[in-house]
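Residue numbering begins at 1 within each chain, and the chains themselves are lettered A, B, C and D in the order written.
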Amino acid sequence: MIGLLAQEAALTDTGEWIANGFFYAMAAVAILGGLKMVTTANVVHAALYLLVVLSAVAGTYVILGAEFVAVTQVLIYLGAIMVLLLFGVMLTRAKLGGEEDLDHEQRWIGALVAAGMLAVMSYSIWEAFDTQKLPGDRTPQLTQQVSDEIFSTYIVPFEALSVLLLAALIGAVVVARRD
Amino acid sequence: MFAAEEAVANPWIYDNVWLIPALPAASFVLILFFGKRLPYKGAEIGITALLAAFGLALIATFTWIGDIQGLEESEGEEHALVTDGGTQTVVLTAEAGEEHGPARGAPVVNEVEWFGIGTGANQVTLGSDGVEAVDGAEGEEAAEPSSGFNISIGTLVDGQSVMLLFVVTFISLLVHVYSTDYVNGDRRYTHYFAFLSLFTASMLFMVLASSTLQMIVGWELVGVCSFVLIGHWWEEKPNSDAALKAFLTNRVGDVGLLIGVTILYFAAGRSFSFVTINEMAVSGEISQNTLTIAAVCLMAAVMSKSGQFILHTWLPDAMAGPTPVSALIHAATMVVAGVYMIGRLYPVFYEGFSIAGSSINLMAFIGGLTTVGGGALAFVQRDIKKVLAYSTVSQLGYMVMALGVGAYTAGLFHLFTHAFFKACLFLGAGSVSHACHHSFDMKADMGGLRKYMPKTFWTFVIGSAALAGIPPLAGFWSKDEILVGTGAFPGTGGNGTYTIPLIFGLITAAMTAAYMTRTIYLTFFGEYRGHGHPHESGPRITTPLIILAFMAVVVGFLNMPSGFVDFLRLPSGWAHLFEDWVEPAGIASFVGVENGFTHAKPSLLLAILATGLAVGAGVVVWRYYERLYAKDPKATDYVDGPVANNELVAAGHRVLVEKYYLDHLYTDVIAGGIKGPVARAANWFNQNVLDGVVHAAARSSVGLGRFVYRFVDQGLVDGTVNASGRTASESGQFLRRVQTGQVREYATLMFGAAAVLAAVFIFAF
Amino acid sequence: MTSTLASSLAVEFAYWQTSIFKLAMAFVAVLIPAGGTVYLYLFKMVSFMQSRLGPMEAGPYGSLQLLAEVGKSAQKEDIVPHKADFFVFKAAPYVVLLSTFLLVLVVPFGPDAVFADYDTGIFFALAVSSISVIGILMAGWASASKYSLLGGLRAAGQLIAYELPLVLAVVGVVIQAGTLNMQGIVSAQIDGEIFGWGAIGNPFILTQIVGFFIFMVAVQAELTQVPFDMPIAESELVSGYMTEYSGFRFLMFFIGEFATANIFAFLAAVLFLGGWGIPPFVADLLFADGNYSNWMNLVGPLVMATKMLGLTFIVYWVRFTYPRFREDQLQKFAWKFLIPLALANIAATGLLKVVL
Amino acid sequence: MFLNQFLFLAAALFCIGIYGVLARRNGVLVLMSIELILNSVNINLVAFGAFHGHIGGQVFALFVIAVAAAEVGVGLAIVLLIYRNRRSIDVAEANLLKG
């Protein structure tokens, strides 16, 4: 709901700060949710935190005027992928309370590597784009524009993608068969 | 579609001719999904769809004929109608045919753009250089064909495609009806009908294709369907082998097809359109050499699809499928695809092989070879279906030969007549085997059947007589026209003097009559040699037989020479109707060009000669078998006679039985031969050259080694080696711990290294 | 919605005022129809079908029965099972309800009477409708009860299976209308013509009758209404994922279920019955050109309500008529019948769209 | 609004995802972390698309979402298979690559 307000607000001249505020809220939610996701001791909780992160990311798409991508994110990620993951979690007997051995004992190496990457990336992002601004007019792009682009310029990747999905479908069935 | 706005209204059927392939295609889907639940297991859907498609094909045929008659009356200039989406342009072809008698209908092309790459959306491409917009509205949008990559999908209606629409829907309808009895109770009854429908749909799709690309789609679909249907009873190994063989042999030719189409695409200024390619080939815009290469490549496709020597081997094996499928494959759909393609791109072949004025070319030669070679093989078969299969090979060779000598109409006319009597013969063979407990062996399980199944017998005899070219049945007219078309017989004057094809043709005429007589004798005369009691088949089998036999009698009269018509005092309009209807403007347009092909003049003498040969050969064979079975009524093999007594004949017989050793050539010599000698050569090289070198090196090094051992090795080297060995071993032991097999740790290393590398790049440069 | 109001009252509303008004109206649009249909159909219609009177005590003809039920539920103790995952258990009903409220956002009730007129309207609706599955899975898992977990898993399997035909059925409409926008779909139907005859527009139920059938069946399954109520199945799973819930949280699930039924009926009305539109010839008779838009903003919600009542009637009618599917039949029906049928429908629609 | 805002968010999510992949033992959790990484890539794609006023960014974000769906399908199938064979989805136990 707030995201929708923010998107409408962003279209007005005075609404920039709303959009900014909304973005920082979303970013905070996403990062906190992400951190909780990788540290929590409960698999289902992790999945739910991921859900929160994905919703927040959908919110940032809305700010960027990518309405169709945002809705697709909700439909595919929240509606399909997350349900599938939760399904998988439950099928593999997730315990109700926490589990101790979810993390590797040498996770500090992972943390070190991740922190190192973050440092390098932040530095290079800052060097490269400094204070460059996004265009002021972020009117949501029409679905038709997206579809026109997919079915003209990107028709070949699109077709390749359909083949990939088919292969994944068959692959998943073959891998998970019970015989 | 947009009938109201059209400048020149096409007849409804021309715009909606796509319905004809769409109906069987829809039937395929419906049968697949709902077939098993229906009272007749899906057969009713197929038959209904085919009935509707046949009705539409009839409408198309009569509309087309009406157009031709109208054009003939008005003697107007010819124009091609090119419809594009909704608007239409009338095209005046440059070569309007005043010089060559009545103008004929030009192809009606209906195209919608399927998709384009690299051009703006909605760009319309009329892929024809000779196209000149009269309508004006769309004229500017007729983009250069070279600006990007557009694929149109559409239909092309002309005499040739209308003729095949009629034949395919007609035969397929009869085959559907026939199959309801013949495969009754089969475990994959529903699937059988589904694929029968799809087979028909793909063939119709190919027939109506307006571009080479579309034709390839249809061509491959036909191939896939034939694969499925030939292997219908795939549980038995030979059947699935036959299906694979058909499919793989066809792939060989498909390579040629793809290359040929690609060459033509670029040669014709990036166009797949038949009309464009043909017009450019005729007008000389594509160089002779290009056309020759393209024609040779396409010829490979024809050889595989239409069973020409030396790629014909799959065709007799394809008899493994159910008999109605064989009928459909041989009469109407698959094997005529190649012949149809030659006709469709005839200018390419005509120019590419310089058919006019020469006396032999690749196409005529392959056709002639096939017709004689296939005919000879038919003599030694025991399987009635194989006789017919080799007969088909032979007759296809006839058609290709006809097209090769420039007798275009004669070739297509033979395709037309052959469809009816060959379908009749195949279905008859099916009926016979139905009676003889599903055996096809003429010698072991048949004989004397004329008493038990008179309807099958008489229709089979009519079909055989038509095939053998006994006047006045259908085969006579078309075969005679081909013989005349070679132009080698005195006084006929065709496009060249093709003496060798004429001789081949005459030999085949005699052979055809001979092996068909043999077949009839073995099947229907003498005493019954099988077991059980044969009986006449049911009405769903005999009715199609009777219809087809009737057609085999009458269709020949569609193309009587005018001399004959005058002789019988018939209306002069009855002469060469087929020629008027089928010969398209694309071909007609270059009849007027210098050195273009002309129609040969029929010769009574040649007709009498060919008929005499056929009758003579038939009589000789008849006498032979009569005497053979007089000695032993139950003979199932050659008890006596030249094969048993004469070494030379026996050798020839062996060659024929082994099918010219072609299968051995492919499996043993080519496939086996490549791997065998290569392996042997490698072995020899290994044994002699490499080993020799190694041995020599070894001997010399042993000497050297002894020397070195004493002085260098023991002292200096050993110490170093041992030290380095220990180092390697210990460092390996250490590094082994890195290789934990944990994907996670590899990922850690990877990401860590990436971070470090990135940092190095950022800060160092 | 508010712009008309503003222009007629000659008042400028601030952005936040508009937003709050919309939020309030969203509650109205969800809760009033839910209460109405529950009383009308769940209490009364089914009683009449079964030859009894139904609730008669609270209010005239028992019309206040629903308030009584709400009051009863609200004062019950909010029990959380001992071993349950406290937070997830409590949050699950809200997720289900959130999906319901997000759904109503894009439903147009008039030319301007819409909460958010998104370019991707129907797509958005389908996307948020799938969120409720997550709430159900959360409820099923967090209850620490075998019945709940089984119910949750069954629900998830069923909702995944029927989400597909639901989406695919809509695709046919989208192809025909040429837009994902709900207003666009409505106006495509109002302005449409049937072979040049435009008196009743072109409600897509005529051309998309197959899509309508698939949509309604899938809706029935998405709502876990009776022929598809394996996840709840009282006789084997007590009450499925809702087993451990009581009091107000149970009520929220209840509201979520029945309000979603109404909103799916709204969606079906928009997709197949012309939405808020009335047949053009009636509109021509009733409203002069200038006033059409204003009038429709008032009449539109009533029209929508009427169509919704008709469609929910079908849902409840089926619910009280048919016996329950078996689990394998249920899955088979979705994967082997509905989805191929929906795909065939899409193929046919696409083909006809290109050809015609 | 700055472009950097989005890029930093994406970088943060990316690194969190990497930490998840490196630190978690549970196969499903690793899959989830990969989803996080893919999402951060999507943010970048969409942000750059908006930055350059080009819609291709969105198109590729859509492609990535579709690929993610395929990835989860196959990934979960593998995890389920491991679970069925070993009664555990600890990725640390799947170490047949061990040298």
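We take it that a contact is a pair of C-beta atoms (placed from the backbone, for glycine too) under 8 Å apart; a residue touches a chain by one contact, two chains touch by 3 or more.
Remember, predicted model here, so these are calculated numbers, not experimental data.
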Taking each chain's centre as the mean of its Cα atoms, which chain lies farthest from chain C?
B
Which chains are joined by the largest number of contacting C-beta pairs?
A-D
Rounded to the nearest whole Å, what is the centre-to-centre distance of chain A and chain C, using the mean of the C-alpha atoms as each centre?
28
Measuring from the mean C-alpha position of chain A to the mean C-alpha position of chain D, what distance in angstrom results?
9
Give, as an integer number of Å, the spacing between the C-alpha centres of chain B and chain A.
54
Two-or-more-chain contact residues of chain D, please, as numbers and ranges.
18, 21-22, 92
Of all residues in chain C, the ones touching two or more other chains:
none
Which residues belonging to chain A are in contact with no fewer than two other chains?
68, 72, 80, 84, 91, 104, 109-110, 113-114, 117, 121
Once bound in the complex, which stretches of chain B touch chain D?
736, 738-744, 747-748, 751
Chain B touches which residues of chain A in the complex?
104, 109-110, 112-114, 116-117, 120-121, 123-124, 127, 148, 152, 155
Would you pull the chain D residues touching chain B in the complex into a rising list?
18, 21-22, 30, 91-92, 94-99
In the complex of these two chains, what residues of chain B are touching chain A?
115, 117, 121, 744, 748, 751-752, 754-756, 758-759, 762
Using the touch definition up top, name the residues of chain A that touch chain C in the complex.
1, 4-5, 8-9, 12, 42, 44-45, 48, 51, 67-68, 71-72, 74-75, 78-80, 82-84, 86-87, 90-91, 94, 96, 140, 142-143
